[in-house]
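Some structures are shown below for you to check.
Two complexes follow with chain A in common, the first pairing it with chain B and the second with chain C.
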Partner chain A sequence: MATDSDLIRAMQAGLPLCPEPYAEIAARLDIDELELHRRVNQLMSTGTIRRIGLVPNHYKIGYRFNAMTVWALNDEDVDEVGELFGRQTSVSHCYKRPTYPPSWPYNLFAMVHGRTLDEVNQKVESLKGLVGERCKSTEVLFSEKILKKTGLRLNSGRTENA
Partner chain B sequence: MLDEIDKKLLQHYQRGFPILARPYEEIGGQLGLPENEVIERFRRLSNEGLISRIGPVLNHSLLGVSSLVALAIPLDMIDSVAEIINSYEEVNHNYLREHYYNLWFVVTARSAQRLDEVIREIEDQSGAAALILPMEKNFHIDLGFKLWQSAQTS
Partner chain C sequence: MKSELSDTVVDLTDLEKLVINSLQGSFPVCAHPFAVAAAELDLDEATLIATIEDLQTRGIITRFGPLFDIQKAGGDFCLCAISTPVDQWESTAEHLNAMPEVAHNYLRNHQYNLWFVLATEKEEQIWSTIKQIEQDTGYPVLALPKEQEYFIGLHLEV
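What follows is the complex of A and B.
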């Protein structure tokens, strides 16, 4: 019987572009197609699969600039500012992370993407406006080069049930 | 060039891709297109590299333990250190950024012990002390990436 890991491995390289893509995946797993639908829905409801859909290549579509913005906030302000940033359409990821003062005082990270440098800078300025005086210091780290980028995959070494 | 239909396909099907026998026919029904045109458009967008794949996006936290890691590496050593970092299958992102801490990568391992081991090995081989920055809280609900204002209506 195919495990959840088998199922994810069979799907993660991508659904085939044919009229019945799930039937093809199910055949590879040697399970019934309806069983595959049921188990995919189950993995979505448990959160193992966050979503199913196309994964766009931002860079190719024109989003050439990405900035990691980092913010030093008082502990009591992090949740409120994080939730505020998390609601902005300009922000694609927003996380709280640990600090290492004095060299790394930033506890909130927000990723901002844009087609031009100006667009990114405008988005960053609007975040600065939102956070106001709660931010003690902030930096913007532009990406110079993508050195490696692969979708998060289950690989052959991870045999435990996802 | 992308037309409005391409934009809708790219924007609206980052999530909620149908889980049924003929998903492309279902999408065609939603957009008023025949099934074969939906497939042909996805094929063209894939061939042009605008789509990496159509498939599941997995939840990191359920697949293992992960952390963002940053290193400060002298510019003339970037290539050799990046090669070491990228050689780990546990590393799925690695960016060069404009900062004193200039190498930023994500390590996802099957256990906390393996995560620690990978980071220590990279520190040993690069001679740099790592900033280890695991996510403590996520404030963004991931609904996919908003590409165009104009294709938003659905």
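What follows is the complex of A and C.
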């Protein structure tokens, strides 16, 4: 019986680009194709699969400016501001993370993407307007280079032997 | 440093734009998913498959398939940062990129200049990997696991 981890390993490099990709994955897992459909739908309903589709290289499609905005907020404000930022269409990811004061005081992270520097700066300004005085300090970190992007993977050998 | 992904913006055809805009989320789960997705876009199956293949070969899309929430899948991941002297990031980046646990790695314009994501199957492996990186590189690692997720859902329109 294929486990969820087996399914994930079989599909994490992507779906084969052929007319019947799920049949090919099912054959690799030695399960019935309809069983694979059922399991994939189940993984989607639990959120283990977030979505199925393509992932663009945002640089190449024109989104050259990718800003990680970080915000130092009081603990009691983080959830409210996080939810507020998460509702903005300009924000693609929004997380609370631990702090290491004084060198790293920022507990809220929000990613903003844009085609031009102006576009990103405008989006950041509007976030600043929303957070107002609750923000003690903020920084914007632009990415200068993608050095590696393989997608998040379960790596097999080492883990199974551990 | 040679990066597998160049940052040159490419010109896209209308067909490529259509495919990129339409297929970031809801690829069907059925016997002939490319045929179904193609029909919705008024394309034929072979054209859709060939377009995706070409976009992938040219590095315009980095992958095609299911996107997993690895934490729900029983794995774990952790955003980390390292601060290297400005002229010494390349050797550290090369070291990090060679590690299978490093899923993403970005150079950013900050004192903490290398930002990378570790992905492992078990939480304790995150911490052993961080320790290993600190030993190998000599730099302390800022470990920033997510404590709460408020939103994730990137859709990039071209």
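Everything that follows uses one rule, which is that the second predicted complex is superposed on the first by the 156 of 162 C-alpha atoms of A that agree within 3 Å, B and C clash if a C-alpha of one lies under 4 Å from a C-alpha of the other, contacts with A are read in each partner's own complex, and residues count from 1 in each chain.
Methods note: contacts are C-beta pairs under 8 Å (C-beta built on N, C-alpha and C of every residue); 3 or more make two chains touch, one makes a residue touch a chain.
Please read these numbers as outputs of a predicted model, since none were measured by experiment.
Once chain A is used to superpose the two complexes, chain B occupies space that clashes with chain C. Legend: residue contacts after superposition of the two complexes on their common chain; A:97 is shown touching both chain B and chain C. In the superposition on chain A, contact of A:18 is made with both chain B and chain C. By the touch criterion defined above, A:56 reaches both chain B and chain C. Of the two partner chains placed by the overlay, neither chain B nor chain C lies in contact with A:135. In the superposition on chain A, A:64 contacts chain C only, with no contact to chain B. Contacts of A:4 after superposition: chain C is touched, whereas chain B is not reached. Taken together, the two complexes place residues 8, 11-15, 17-23, 33, 37, 40-41, 43, 47-58, 60-61, 63, 68, 78-79, 82-83, 85-86, 91-98, 100, 103-104, 109, 113, 139, 141-155, 158, 162 of chain A in contact with chain B and also with chain C.
Interface of chain A with chain C (complex): residues 4-5, 8, 11-15, 17-23, 33, 37, 40-41, 43-44, 46-64, 68, 78-79, 82-83, 85-87, 91-98, 100, 103-104, 109, 111, 113, 139, 141-155, 158-159, 162. Taken together, the chain B residues at the contact with chain A in this complex read 9-10, 13-17, 19-25, 35, 39, 42-43, 45-46, 48-60, 62-64, 68, 70, 82, 85-86, 89, 91-99, 101, 103-105, 108, 110, 131-147. On the side of chain C, the complex with chain A involves touching residues 1, 3-10, 12, 19-20, 23-27, 29-35, 45, 49, 52-53, 55-56, 58-70, 72-75, 77, 79, 93, 96-97, 100-110, 112, 114-117, 119-122, 125, 142-154, 156, 158.
Residues 8, 11-15, 17-23, 33, 37, 40-41, 43, 47-58, 60-61, 63, 68, 78-79, 82-83, 85-86, 89, 91-98, 100, 103-104, 109, 113, 139, 141-155, 157-158, 160, 162 of chain A touch chain B in their complex.
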